[in-house]
Structure formats: structure tokens, C-alpha cells
Amino acid sequence: MSVEALRDSFVATRRQFLTICEPLEVEDYGLQAAEFASPPKWHLAHTTWFFETFLLKQFLGDYEPVDPMYEVLFNSYYNGIGAQHPRAQRGLLSRPLLSEVLSYREHVDKAMLLLLATASVHEECETILSRTVLGIEHERQHQELFFTDVKYSLGANPLYPTYRSEVCTANEAPGPLQWTKFEGGLIEIGHNGKGFCFDNEQPRHRVYIEPFEIANRLVTNGDYQDFIDDGGYERPEFWLADGWATAQREHWTAPLHWHEREGESVEFTLGGLKTRSRATPLCHVSGYEADAYARWAGARLPTEAQWEHMAEQTKGSTAPRDINDAHLLHCHPESAKGGGLEQLYGACWQWTQTAYSPYPGFAPSTGAIGEYNGKFMSNQWVLRGGSCVTPSSQARPGYRNFFYPQDRWQFSGIRLAR
Amino acid sequence: MSVEALRDSFVATRRQFLTICEPLEVEDYGLQAAEFASPPKWHLAHTTWFFETFLLKQFLGDYEPVDPMYEVLFNSYYNGIGAQHPRAQRGLLSRPLLSEVLSYREHVDKAMLLLLATASVHEECETILSRTVLGIEHERQHQELFFTDVKYSLGANPLYPTYRSEVCTANEAPGPLQWTKFEGGLIEIGHNGKGFCFDNEQPRHRVYIEPFEIANRLVTNGDYQDFIDDGGYERPEFWLADGWATAQREHWTAPLHWHEREGESVEFTLGGLKTRSRATPLCHVSGYEADAYARWAGARLPTEAQWEHMAEQTKGSTAPRDINDAHLLHCHPESAKGGGLEQLYGACWQWTQTAYSPYPGFAPSTGAIGEYNGKFMSNQWVLRGGSCVTPSSQARPGYRNFFYPQDRWQFSGIRLAR
Amino acid sequence: MSVEALRDSFVATRRQFLTICEPLEVEDYGLQAAEFASPPKWHLAHTTWFFETFLLKQFLGDYEPVDPMYEVLFNSYYNGIGAQHPRAQRGLLSRPLLSEVLSYREHVDKAMLLLLATASVHEECETILSRTVLGIEHERQHQELFFTDVKYSLGANPLYPTYRSEVCTANEAPGPLQWTKFEGGLIEIGHNGKGFCFDNEQPRHRVYIEPFEIANRLVTNGDYQDFIDDGGYERPEFWLADGWATAQREHWTAPLHWHEREGESVEFTLGGLKTRSRATPLCHVSGYEADAYARWAGARLPTEAQWEHMAEQTKGSTAPRDINDAHLLHCHPESAKGGGLEQLYGACWQWTQTAYSPYPGFAPSTGAIGEYNGKFMSNQWVLRGGSCVTPSSQARPGYRNFFYPQDRWQFSGIRLAR
Amino acid sequence: MSVEALRDSFVATRRQFLTICEPLEVEDYGLQAAEFASPPKWHLAHTTWFFETFLLKQFLGDYEPVDPMYEVLFNSYYNGIGAQHPRAQRGLLSRPLLSEVLSYREHVDKAMLLLLATASVHEECETILSRTVLGIEHERQHQELFFTDVKYSLGANPLYPTYRSEVCTANEAPGPLQWTKFEGGLIEIGHNGKGFCFDNEQPRHRVYIEPFEIANRLVTNGDYQDFIDDGGYERPEFWLADGWATAQREHWTAPLHWHEREGESVEFTLGGLKTRSRATPLCHVSGYEADAYARWAGARLPTEAQWEHMAEQTKGSTAPRDINDAHLLHCHPESAKGGGLEQLYGACWQWTQTAYSPYPGFAPSTGAIGEYNGKFMSNQWVLRGGSCVTPSSQARPGYRNFFYPQDRWQFSGIRLAR
């Protein structure tokens, strides 16, 4: 990418965050309904902190930070940088005010443009450009987290506020589930070297997989309701032991965001409470629920290698859905259309049965930036694909998303394999 | 009080809450840094809910509630009214917006004025008027809680924001502690029937007390520092067993809001971090710390009967400090001036050694309003007097404040007895 | 008491502990089903430690401890002595073996007899004798705790083992509840100077109490069942706020040790599961339940001053029930016989509404032994009287027992007042 | 295996449990110092329950259970069988007594011999024999757990009791660490069909692995001390994020069972506290510590496929160390001798970096017995090899042991790879 293209991408990405924040009220910016769900204002600041910390402070000679305390307040988890404001207390930062955080963004944006303008003659030019790319991709990840976190935090309010009124859950029923067969064998997975990838997608390497079949579409609300009606949440035989213990302790009886209200089955969406349609893709289940559902259905979850192989083999699967990310206006998964392998991207993240671990030969970067992905490679499960709130630019076969198997606030759904 | 006077009092009290909110930013209104520290917006709404619930819905014929959900959202603890939004989640209510809560206040104020205008011909006239008085006093209590809660929640932000810049902690040293002797005997405590009181101050009754001495002024930061320097937090012999266990578990080594910053001893005030002066009255200690300090000092805490007797015997002790509550601008306790029994009101609440329990013959009101005080009569300790953020109208000898012995976020200090 | 009488009392008391242990199996001696319920072996060792620590090590010149670690292992809570093995881990001490603890007892007994034999010529003679009395009374308290703790720990086993087969719960119904009136006034409470008392019973002092009525007998299982049947555990209006929160959190729906088994209502006793009789005195309720029951019954709990006054005024109330403590064979409260104020002692401890606090002028002993009672004077409630497992020698009007209002494992019942 | 050989194996295995229990005192049999460490008596009963539940009740016509409650008390985790006594409360079962549990064993042994004697003519003969084999292997697993659990529970006693006095930790230093190289490629792992295996070792399947090197011996105490001395527990850069959080929360500063006593470095062994030798293999580290150590050492943990491949390629690696399991007398890992790949079995279990998950095509048995392994396939890590307390019969290349990465009470050590 040329420096000019990079600058344009930087500007567009930074502007995009302000765009998706527009429907919020000032009072929403500080909301944090759980330790894992950061406030919008914090996301706005932390993504800015990332550019400041890994680029400006290191490469822009006379850069002046806005406030020395921001280094601590907006550090997410980089021990190599220093202390961090406790994650669970991000919602207690009524100060800096939103207006101050927006000024912080402007201050850093201005400095970033300055740095980029002179990057080509900087002796660390290559690092500056690749770090900027990383910062942009990092910001896109947080734009997606913004949606999941806002949904969780608004959903904790019994008034069930609306983020965006365009959200629609009326869907036509997809056809019956069909299976596509893959032969497997000694294949390759991992990033193929074209375009950007995160460090955890590397290196590309060989994996041997057995023949498998994979479902053409995602599990729907209706499919999952059948599982519930068959006693899914009361029959331990479908569940992993840790999953069952979690479900009992948390009193799970349905996916997150499902409610019954005045006799009607509804689900909370970013457009408020909506009638729950059988046709809509199922969303907001934990890995444990996904695994139990699959066992009940006589199937299983795919491995990440199977998923990636399927995606690479599926024609057109990597095409961005919409270059302007206009799909983000809808913020809710839509039905499969019927016809071949669908919903790889743009509906829900898809739980795999694969524990998140390093690829053979994986080596994180040196320095604090090496903490980006590597240190999380335990206890989490890989999800693949992308959801209705994933930026199109991050929809690719090799992208490895990861959450704890008990996590449900992500737009996470199920694609079966067998 | 005439209905007109009552109406004026109502209007003034309601306006007062808006006045003390003025220094806040919109983002501060939702802050809740602990379960016990409610957000300012919630206080604004709950005091309104009190008038709506106990007056308008019962006595104003065609009263239309703003939103039926408010009944749940802003119910603090009245099981007789119905379900309550969980206390720990008050800070998650970004909606209703501040502007909506202010509209709610206006809506209720208007209806209240209507009710009062016709009260004299209402068959429940007496109840309406006495409930209105109770609602006003209730609102004043929450105005005081507003200060303590805001102080706690802002104090949890490492930026230590300023609520009001007028706060001053520069104080002249008070003189040495002196003791005043009282003969005790068969005395009376409890409300004497003049003016308003809460139900827990009744009935007036006889108590036998031994002769005692009481300190002329409150313990200062300097006095308390001596306790710390003498190993106060490391020597269990001064502590109640539960207090010692709490101090160890919570890693207490100083009062709440005391900090060391860049080699300087500071305390957090509503004016931000300020140099900690030895002369300033000690504030924000738990009952356990107060009790341990007293034992270290060779003294003890007064009983509530002793305190009340002392206050009734002290000339002028009930005079309001300032009819306009201008003292609230300072929001921090000031030094004793030197001269007789001082600081009964207006500096810090004073821990007594008395567990909060019903007076002989105490009977709460019937119905939900009976939950106001009675059900809290276990496990808490009585505090007497009043603090720098207590409305003058609530400064009286018989007022019984109560907190758990581990609570520290109140403006609570120490007056010794022996 | 002469030294000879004291020695006899010492020997008899020490032997009594072995007698009440007889029904246990070796494997029962280490049982600890909750932090508050110490294992029998620990009680046997700790009472021995008390004599070793406060007498032998201080006054018997060349005393040789059995094992230096015992000082830590069997120290209950005396910070003045030093570190303590964590209370919750007393059940993990399979070593020292029971046989070793019994040897420890013999070792200390022998040394104690030596000390007593020479006490009269010791310059600290008075302290030695009074400490020995205290050690004996201390051991008696632990003999009572032995019963309550063993009951709790065996009751946690779904096999509901039997400690003693003589236990009988068949009772004749007592007559209807009757009220006895007392005039109150300026009375005295506290130990009257005759015989032994603990420090917390002193000093005797004046208290003013209003006229009151008190129930002639304790509440029965049947009385309490009526409360349950009337929704007692579902109606917050009867409960203190902290009590209601506790009952909800702990899912209380009946007293401790009540069970339903194969359609029959039973209660666990030290004789195993027994049919639950309406006539039997109610036992194993918390202070919160006692308070809620009283409110439901239109009454209240007595204050400790009222109870003590009543007991002092009741003829014969202090007479020991049985000099040989043969009643301990029954280990379960029995019905009132009908006739005057009954069941002051020998059935159940009786919750008062009084928070446990120091009497005016109370001063604990100096040194570690001062930790005996004083440091527990917060957050607990006073119980008065005595239970079916209280040694007769400790049944007196002034004895102040104390537990947290949530505690239920004690033989604690209800006597109403109004 | 012939029925006769099976019967002999059954008898020998059952007898072996009594042999390893011999050094215990009666009071040790009920010890449970943590939820995960079951009491010896419970292990004795549960292994018996396994034969009763999965063989006698199903296949021996008129089998009479000893006590119907045992079905619940000694059910570990089989939901398909029914309710389970809570795991954390196994230590509270002073009843049934040890003598009763031993009678239970005899009762079941007698019935098992009867069943085996007639098995050949039973229509379910094959199931009976294979279940008996499973029961024997199951009992062997619990015999190993007996050692780890007893070590943990005795180690929680500050007296550090001795289980067996033969334990010796004096070791000669092994030579420097050396690396053996393997070419990898498309290999096979999983049970090869010869002899018994657990269901989780199946099916054998192909895996592609890159070339790798593996250490010839395990990490020693001395190696690990160097890590500690270099700040290993204070430098987050070596740690997985979850591992670091765990280490901080649990205040880890050394492996489990390491202590400093009177200036000497010791470790707790089944022979009591012993001088800690640099030469002894490191034991009792969590997966997180193993992973951090490896990163500090510039290496990594092996994958389970690499480990198994190495073991299959290593000559003689599967030979049982000692047919009589006499090595169990030593109960502590011994030094490597120097010479080729060593310590595959008989010293410490070796953490791999592989999350425990099903092999491709894995299918658990139907019915409750299918809960044996499958439902634990999440959140745990695979360990390979065997320890000094593993029965020789379970030392094989394909055996998959699994624990949570935070677990430390197992005899778990480190073999590096790179």
C-alpha cells in the first residue's frame, strides 16, 4: 500500500468510529455492564492510545502527550508499557469527558498525519508503516467490539434502549440444512501472504485432516428452540462437564438476549426488543451451548482447520460484502438465501471445537506489541468467519477470533460439521 | 406549618437539589463506584419517585405516571411497593437520560403543587401534609447522600476530579483536647415533640446513664496520624475482632481518601486532592477505626444516649448554622475554633458505640412507608450530629444516623468519651 | 473455693469431656463441616492449650511443652499469644492423632495438678487459682460447643449418624402461651458478686426499663410451623432487611436441621433423624428468624435487661437442674410442663433483641487473656438462659451468650416479649 | 486375557490398594484439603462403587447392595447414574467408617468373583469382561490419585506428616540438557490396538508435524530455581495472560510443596520435609508455570503428538519399569541417569502445550459409562508419560492424562521442546 493510500485508510477508519457512535447519547458513552464490555468512550480512547503509544511516542520526535495519566487509563493489557487502570473500572471514568476524548483523538490524528507525511524519510519507515496498518486493523477490531459491548450494556437496562431503529429481524425461512463434503488430506492453513494478517494467523503450515461434511448455513433460532424444547438445558448428556457446571451456576435456559415479555418471545437487538423469528440465525450462544446443541443434533462443531479449508475452497468467499460497510446499519444477522455454502461472513461468528493455540513456529513480535495476541493462547476457543458487525475488511478465511467457551455477548452462532 | 409554608419548603428543597448538581458534567450523573454509592441521576429520580409513590398515586385522582417502569427502576428498597431494580446496577441506567429525569421531576413537581393546592379540602388532608413533610426531609437526606456518593465515585477516578473549586483544607490548629463532664442519671432521650422528626427518633423515653466525660472537639488528622505512627493498623490489641478482620481483608492502612502522591500527604476532597493538614478534622473512618483509635487513646466512643444528652445540655447546639446552607459550598470539615463543646454539627458525623435498635415502644407506620427506618435496625451503628454536607434543617440532638461499622464513605469522624 | 475443691473441680471437668466424647468413633474426631464448627479433637486440644498457655507456661517453672507447634495449632484467636492455625482448616489436622491429643491432655493434667499442689506457696497464688477457675469454665463452654458442633457436622452427612441413641423427641403438648407482667423501672443487671462470672457480665449497673410482659414458655415447633404456613419465609414485611437478604441468599425455608423425608416431617437430632413433633421446643433458628417470628406473632424479642430481670425475679430460676449434668444424655430440648415461667435454662438459648456490647465501665483484663470476650462486642446479639447441652454450672441469670444474628447451629430458640 | 488371568488381575489390583493404604492412620482416611483432593476412604469406596454400578447391578442377577445411599455418596460424576454427593464434601463423611468401607469392598469383591466365575456363560460375557478390565484400570488410576491427593492433604498440615519413611531426595546431578531431533512428517498417533487403552486414546489417526527437537531429560529443581532467581514470577513477559492472572491471584512464588524453613530450602515429600536438591526433577508445577519456564528458557512445551511420536520412536520406552510396582515405595521422582532420552515414565507427568480434545472420529460409549472421559474435553491440557506414583501398567506412549493448566497437586514436571 502506498503511504497516500495508507493515510486515506487511516483517516477513513478513524472517521468510521465517529460515524458508528452517532446514535449514542452522551450518557451511553460511559456504560460498562460487565468487566468484559468496555464503554464506548474507552474504546475511542484506547484505539487512540494505541497510535500514541506504539507510533507517536516512539517515532515522532517532539510529540507531546495530552495527559500523562492517559498512558495508564487507556492501556488495555500491555504489561510491557506499564500499569493499567483496572478493566472492571473503565466505566467509572466519567472524566476525561467525551469532549476531551474527542480532542485527544484529534490531537493524535493530527500528529499521525504529520508522522505519515514524513515517514518515507524516517529511518524506521518500514516499522512506521506496518505499525500504522496494525493500528488501523486494531481500531477496526474495536469498532466491532463497540457493537457487541454496546449491545450488552444497553441490554442490561430493563428499558431496552434502541441504538439504531433500522434493525430488522423479519426474515424468510432458509431451506433445510444441507451438507457439503470435503475430502480433507494434507492441506495448508494460515495466512497466504496476500494482504494484511495478524501475527496469530501465521505461519502458513500443513495440517492433515480427515474427510468431513459441513453445513451449508448457520443454525437458526427455530433450530435452537427445538433443542430447548427437547430439554436441551436440562439434560447433562449433551454437555461438556465444564459447560454443564457453567449453565447450572449461571441459570442458563436460553441464549443471551432472549426474553419472554407479556407472553411474546422476543430478542434484544440493537434496535430494541424484537419479535423472535424462527428464521433468524441464532446468535449469542456460548461455545458450551454450541457444543451441546451440536451433540444433540448428532453432529459436532468444525475444527478451525476444517473451517478454513472450507472457506478457501468456497468460491468467492473472501469477497467483501460491502466496501462501505453499509451492512453495519442493520446490526443483526440475516437469513441464508438458499444456495450453496452461505453465511461464512456477515451473519455470526462460528464456534469451532479448536482450542486457541499457537501455530507451529508462531513467534510473536518483540517488545510490548508482542502481547497483542500470543499471551491469550490458552483456555479460549477459536471462532471463524465474521458477523453482521464485523468490518468487511476483516472477513477472510484465515482470521482467528477467540473467546472463552462461556462467553455469550459476542455475535456468536453455530455452523455444524460431521 | 401552613400549607403555603409547606409548598414553599417543597419548592425550595426541590430546587436545592438542582443547585447542588450544577457543578456536575452530564457524564458524572450516572457514576456508581460501589453498590452503596448511588448515581446522582438516580438520587434525583428516586426522591421524585417518593412523592409520586406515596402521595400522587395515592391521593391525586387522575395522576398519570411518566413511565410505568419508573416504579421499579427508582424504588430503593420498599418491598411493599414491589420489585426493585438491583441496587448494584443503578449506574447502568444510561436511560432514562438526565433530561428525561429532569422532565420527570418537573412533571411530579407540577402534580405535587396541584395536590397541595387542593389538600385542605382533601379528606386525607392530614396524611398528605405529613407525607409531604416526610418527602421533603427524605429529599434532604438524599441531598446529603449525593455529596458522600459523588465524593466516593469521583474519588475512584485516578484523575481525582474536582466537584467544586471553593473547597479549602487550610485550617488553624485547634487547641488541645479538653473534657466536659456530665453527671448522667435518669435522663430522657428521643424527640421532644417540637418540629419534625423521623419515626426512629421516637418515642422519647427514660434512660439511666452513668457520669461521663466527653471531648470538646473532634479528632483531627494529626491526632489520627499519631495513632497510625504508633502502629495503629498493625496492632490487633486495639481492635474489635470483626474490625481487625475487616482491616486485614481490605488492606486498610489509613482512612478512606487519604493518599500519598509524589512524597506529599494529601486527601481527596470535593475540591480534588489537597494537602493533608494535621489541623483538619479527621473524616472517612469506619466505626471500627473510630473504636480502635479511641481504645488506643485510652478513651472510648460515646453512647448515643450520652451524645444526645450532651447535645441537649449544650447551649445553642441546635441553632442552624446557616439558614441558606451556604456551608455546603465548602464541603469539607473545618477546624474547631476553641471554646467549649464544639463541632456538634457541621463538621463530621460522630460514631457512637451504640448499635442501632428500636427505642422502647417504637412502632413503624403501617404500609410500605413503615419500611423507611425500622427494618434497618440490626448490624449498624448509630452516628450523631451532622457533617459539613448535612442540611442545616436536619441538625438536631435527636437525629439518629446509622451505618455499618465497616462503612467509610460517609463524612464520619470521632468524638471521644470516657 | 478451697484449693482442694478447685482441684476436684478441675479433675471432674477434664474427665467430663472424655465422657461426652465416648459415643464418637475415631473418624468423627476430625470432622469440621463449616468454619464455625470445630472438630471434637480440636476442642479437646484447645481447652488443654488454654491451661498450658495461661497457667503452665507462665507459672510452672520447668514446664516442658509436648510440641512447640501446638502453640499455633490450638490457639483459637489470641493475637497476644501469636499466630493461629486458620480456623477453617482445623478439620485438616489428621495429626496430631487422637491418641496424641489424649496424651497431651494427660501431660497437661499432670502438670496442672503439680501446679495446684504448690499454688498456695506461689507468689502468684491468687492469679493461679482464678485462672484455673477460668480454665475450668472455659472448658465447660467448649463442652457445650462440642455438642453444637458435633450436631452440625454429623448433620451434614446424608446418612444422619446417631451420636447417642437415648435422644427422645416425643413430647406432650405444653399449654397455651401465657404472659407474665413485670413493672420494670430503675433496676440492676450484671453479676451480683456471688460465685464465678465471666468478665462480660460485669460490672453490675443500673438500667431503666419500661413495664413489659414475657412469655411463660418457649415457642414450639408447632407455633413456628404456623408461621411458615402463613408464608413467613416469603413475606418480607416480617423481616429485618439484613435478615431478609440472608434468608434469600441462603434459601432458608425452615430452621436448620428440619428435613422432609419420604413424606414425613423430621428433624435431625443427636439421636439421628426423628419425627418432628409440634410439641417440642423450636430450636436452631437464627436471630433473624426469631425476630421475624416475633413480629409475625405481634410480639417482639425481649431485651437482655428484661430477660435478666425476669430471671432474677423468678423463684428458683438459678437452681442447677442436675448436679451431674445427666440431662446431657438427652441432648434435645423438652416440652414445658405447664405452670409459671419455665424453660429459663435447659431447653434452648433465647435470642434477645440486644446487640452484644460492653456494660458501662467494662474493662477487660490486661494481656492476651483480655481477648477472651471484649473484642467480640460488635455485630453479635445476646442470647440468654441456657440449652439442653449447657452445663448446669453455667445456668445463671447474668450469663451473656452471643452469636451473629445469622447463626443457626446453636441450640437457639425463642421466648417472646411484648 | 483369559478369565482366570483377569480374575487374578482383579484380585491383585484390589489388594494393591490396601497395600498402599497401610502407612495411613485411621484419621488420615477422611482428609480432604481441597475440593480436588478426595479422601483415601472415598477412593476406596468409589472404585468399589464402579464395579458395583457398572457390573454387579447390571449383570449379577440377585446382587444386594450394601446400602442404597452408597449409590449417591460414591458416585463421582456420572449424571447418567443419578445424583452425587457434593465433591467438596467428601471429607465430611466420617460415616461410613473405614471398617464399613472395607466391608463394602469385601462384599463387592466376593460378588465380582462370583460374576467372573460365571461370566463365560453369561450372554453379556464380552461386556462383563471388558468392563472388568475397565474397572481394574479405573482402580489403578485412583491408586495414583491416592498418592497425589494424600500428598496434598498431608502437605496442608503444618506438622508435615510422613506417609512413608523410605522416601529419598538425595540425587546425583544429571548431565546438561541435550536435544534429540525428530523429522516429523505425516505420522500416526493414538492407540495401536495392542492391549488395553482408554476410549480417549482412540482412534489412531494421522497427524502432520514439523521437525522438532526434544530434551533428553526433565527440568530439575536447580534449573527451575534459576528461573525464579531471574525474576520468573515477577516478569509477565514469560507468562500466558491467564497464567499471570492466576499466579498473581494465588500469590505463587515457587512450585507447590516448596518451603523455606529456618533458612533451609526444603520440599514436602511423602516422606515429610526434605532438603531441596538442585538435582531432583522439578515437580508440582502448573501448566502455566511450565509454559512460562519454557518461554524463559527459549524453548516451548512439546505438543502431545510430538511427545507420543518421540515415545514410540524411543527404544524400550514402553517397557514396564517394575512389574511389582516396587518403585511406588519411593514416591518421589529420581534423577536422570545420563544417556539418551530418559524419564519418559516413572518420574513426573510432562505438560504438553496441547489442549485436551477429542481425536478425529472419537466416539464415547453409550450410557453413563460414556461419561468416563469425553465430557472433560475442554479447558484442560494434556500431560504425557507417567510419574513415580503411576502404576507401571499405565505407562505407555498413547496414555493421555489431563489437568487444568492451573493444577499443581499432580506430580507434574517439564520436558522442553523446540
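The letters A, B, C and D name the chains in turn, as written, and every chain counts its residues from 1.
The working rule: contacts are C-beta pairs under 8 Å (C-beta built on N, C-alpha and C of every residue); 3 or more make two chains touch, one makes a residue touch a chain.
Because the structure is predicted, anything quoted here is derived from the model rather than measured.
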item	value
Steps in the shortest chain-to-chain touch route ending at chain C and beginning at chain A	2
Maximum centroid distance from chain D, chain identifier (CA atoms)	B
Whole-Å separation of chain centres (CA-atom averages), chain B against chain D	59
Between chain A and chain B, centroid-to-centroid distance (C-alpha), Å	46
For chain A paired with chain D, centre-to-centre distance based on mean C-alpha positions, whole Å	38
Where chain D touches two or more other chains at once, by residue number	none
Contact graph of the chains (line, ring, star, complete, other)	ring
Each pair of chains that touches, named by its two labels	A-B, A-D, B-C, C-D
Chain B residues touching chain C - in the complex, by the definition given at the top	77, 79-80, 186, 205-210, 236-237, 239-244, 287-288, 291, 353-355, 357-358, 360-361, 375-379, 405
Chain B - residues contacting chain A, complex	25-31, 33, 69, 72-73, 85, 89, 91-98, 153-154, 156-159, 161
